[in-house]
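In what comes next, chain A is part of two complexes: it sits with chain B in the first one and with chain C in the second one.
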Partner chain A sequence: MYNGGKIIVGIAIFVGLFVFPIFYNMGKPSAMPEPKLDTPVINQLDEKRCVESADYMRANHMQLLDEWRDSVLRDGNFVYESSNGKKYVMSLQNTCMHCHSNKKEFCDSCHTYANVKPYCWSCHLESKEKAL
Partner chain B sequence: MSINRREFLKLAGTSTLIGLTGISAVEEILKGNAEASVLPSPAALTAKRWAMVIDINKIGTKEEYEKITQACHSIHNVPDIGNKKDEVKWIWQEDYEHSFPGISDEFVPDHIKHKPFLLLCNHCAKPPCVRVCPTKATFKRPDGIVVMDYHRCIGCRFCMAACPYGARSFNWRDPRPFVKETNPEFPTRTKGVVEKCTFCSERLAKGLKPACVEASNGALIFGDLEDPNSEVRKVLSTKYTLRRKPEIGTGPSVYYVIGGNEHAG
Partner chain C sequence: MNAILSLFAVIGLALIAFIGVKVAHLEFLFGTAIPYIALAVFLIGVISRVLKWGRTPVPFRIPTTCGQQQSLPWIKQSKLDNPSTGAGVIGRMFLEVFLFRSLFSNTKFELREGPKLAYSSTRWLWLGGLAFHWTFFVVLIRHLRLFTEPVPGFLHSIEALDGFLQVGIPGVLISGVVLLFAATYLFLRRVFIPSVRYISLAADYFPLFLIMGVALSGILMRYVVRVDIVSVKMLTMGLASLSPVVPEGISAIFYVHLFLVSALFAYIPYSKIMHLGGVFLSPTRNLANNSRMVRHINPWNYPVEVHTYEEYENDFREKMKKAGLPVEKE
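Let's turn to the complex of A and B:
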């Protein structure tokens, strides 16, 4: 092999650089998002339950919002009767954001972590108090 | 052990039947988790076909016109961009000649000729904007209101070309900086969508009449066109009214009282 030493050293440097990020980040996982529920409205609730269970909301809030939008806009049905029989007005701005008035600490914490960029807020307004 | 054809078919048939019903039964059990349903709002105002009558004699001063327009534009976060090209309007003013181009004569009383008319989306019975929309972003509800689903609007502006009344505005730029005071209960729009009057469908759901009607001191009358006892029908049966460009067959739902029993002027 001509210039074998140089080639081997070159490969070693390349592999070293290539796997550097893996070893650099090993053992220190990036912080899991912790969406905060600490808002004045939520703190005053007797039972801290969203329109559905937290597990359901975590997995399905996007589908739920999608159905809410079509239901309100297309069919003119404004009221959601949850699986536990409670009724809610279907509105992102007036129902969801009423409790979750901390968009930055609630919505954005997961969305940033998962690198999803929903365009809800290009039209819908986040709560005033926190938008200052 | 042998089995004849008849026995085999019987056996196969029953086992298929058990299999099919078994699956659907299991599905039924699994489904039971989030059993939610949607309902119409209990307080909502409903109609077969919403319509509006605008009695132009009852709006006099500039302030009254301004109050009605502001009532609409402020609650719906309509931006005031300040130049004609980018203008966004849900309800606006136009003179007689341009409001009723087909029927405007040279010699009409001055108080009609120079009176500003309030114009808005006519919520047509046969809306041309709905026909041309390629994404069904604009559509007609069963109660006759023509509304927009901004989520679906791709900004092609076919609807603006189709609307014979100029009732639609395009967001050429982000409207947010031009909304002076945002109403936190209503969304704004975004750059690249078309918007227009909604006959306050979100207020009707709460049992409230449109904002312009509320602010008009009785000059704007709102009701069900198909209910012979409704307020609009009562006015229509006692006063002569005009609609904008009825000859093109769109069936506008906004009527204008221009004469009057009294001699206005």
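Let's turn to the complex of A and C:
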């Protein structure tokens, strides 16, 4: 081996970078998010259903919000008809946050896990209750 | 032909993952087993190739000299293009690895009207290459959010910077898009410049298509056919904590993305992408040009038996004297 020392150090850095997550996560319990549905409005629902199916919401709620925003602000269309025929007013504050009034335990539990920080809240209110 | 074959190979790989998950329900295979195997092949393959290179002797200084070498004090040395010290080599390597300096000096000859020979520099390859490699790196770093819990704070800063356009929800991340465009440019360059097309092999097209496939599937997954990122992160955290789990309900596009990435990683040690290690071990780059200052002895020199003139004279002194030849010692 020529220049063995330098090459070994290089290899060690290279391997270290790739196995870094294994050491970083070692011994930490996996903190699965558990979004809480326990809000006054949801508790009063007869059928515990979101705007769309839960599977769809989990993957696509950001796209749905984008669609709502464009539809309200560009086309002046306020009513969303969901796939099961129910009608909703398209509003982040008045619809989503009306049911999910517990942003901290609901939205944020997933978002912290996925490391996203939606910037919506610099303008929109988290929940009606707090605003009053 | 080379390009078309490579394209079909990548489409084939994507189909294998898609069908494997959609029809055969091999989520465990594609979600955990193959990524682990790919990572092992990647690490072991890269290390063994680097060690192999490390065992190759480089007895003499063979740096490419692109400027005036160290000489008399009043002749200006080109310290980066012809380094004579360790520090100079480090500077040269740094600029090479991080800024692709040697591509920057790419020159083109043209016969203009006149006839006149014109030299100009073409920076497109440099620009495309730099954009490609840096965005690839940023995308890779950003993916760490799927492999760490809690996610280190700097990752969110990178993502915020990357998505500062705030277009759409989820916001467009510039690096991912530039990656796809830069890879496409590098491919088109091979196709449209005849001289480059002539020297392009399947081994040149295949990695490009593979990376374009990875980027395209990632972009589709983020902006078009969404996947449930929370389930994805459960899977990736399982991988990162060596206790694999395969949550239900992750759509097939994720497995396509992951399989293409696995194929890419397993392919790296056996392909030209090994330049990621090779750039550090290139004797034409990493040696100082100090041949005139330091004596470099060939490590495999063996002791040569010599018969000096003194010994010769000792053997034949008497005979030489008799023959009237001059001798050094009486």
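By definition in this document, the second predicted complex is superposed on the first by the 99 of 132 C-alpha atoms of A that agree within 3 Å, B and C clash if a C-alpha of one lies under 4 Å from a C-alpha of the other, contacts with A are read in each partner's own complex, and residues count from 1 in each chain.
Everything that follows uses one rule, which is that contacts are C-beta pairs under 8 Å (C-beta built on N, C-alpha and C of every residue); 3 or more make two chains touch, one makes a residue touch a chain.
Note that this is a predicted model, so its numbers are computed, not measured.
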Practice task
Tell me which partner A:73 touches in the superposition: chain B (first), chain C (second), both or neither.
Solution key: first
Exercise for the section: Would you sort A:32 into first (chain B), second (chain C), both or neither based on which partner it touches? Expected result: second
Exercise for the section: Would you sort A:4 into first (chain B), second (chain C), both or neither based on which partner it touches? Expected result: second
Practice task
Between chain B and chain C, pick out the one touching the greater number of residues of chain A.
Solution key: C
Practice task
Once the structures are superposed on A, label A:114 by its partner contacts, choosing first (chain B), second (chain C), both or neither.
Solution key: second
Exercise for the section: Using the superposition described at the top, list the residues of chain A that contact chain B and also contact chain C. Expected result: 60, 69, 119
Problem - Partner chain A, residues of chain B touching it in the complex - result: 33-42, 44, 139, 141-143, 147, 149-151, 182, 184-190, 201, 205
Problem - Partner chain C, residues of chain A touching it in the complex - result: 1-4, 7, 10-11, 14-15, 18, 21-22, 24-26, 28, 30-33, 55, 58-60, 62-63, 65-66, 69, 110, 112-119
Fill in the blank from the handout: Listed in rising order, the residues of chain A that touch chain B in the complex are 52, 56, 60, 67, 69, 71, 73-83, 87, 89-90, 93-94, 119, 122-125, 127-128
Completion exercise
Within the complex, chain A is touched by chain C residues 39, 42-43, 46-47, 50-51, 54-58, 144-145, 147-151, 155-156, 159-160, 166, 168-170, 226-231, 233-234, 237-238, 240-242, 249, 251, 277, 280-281, 299
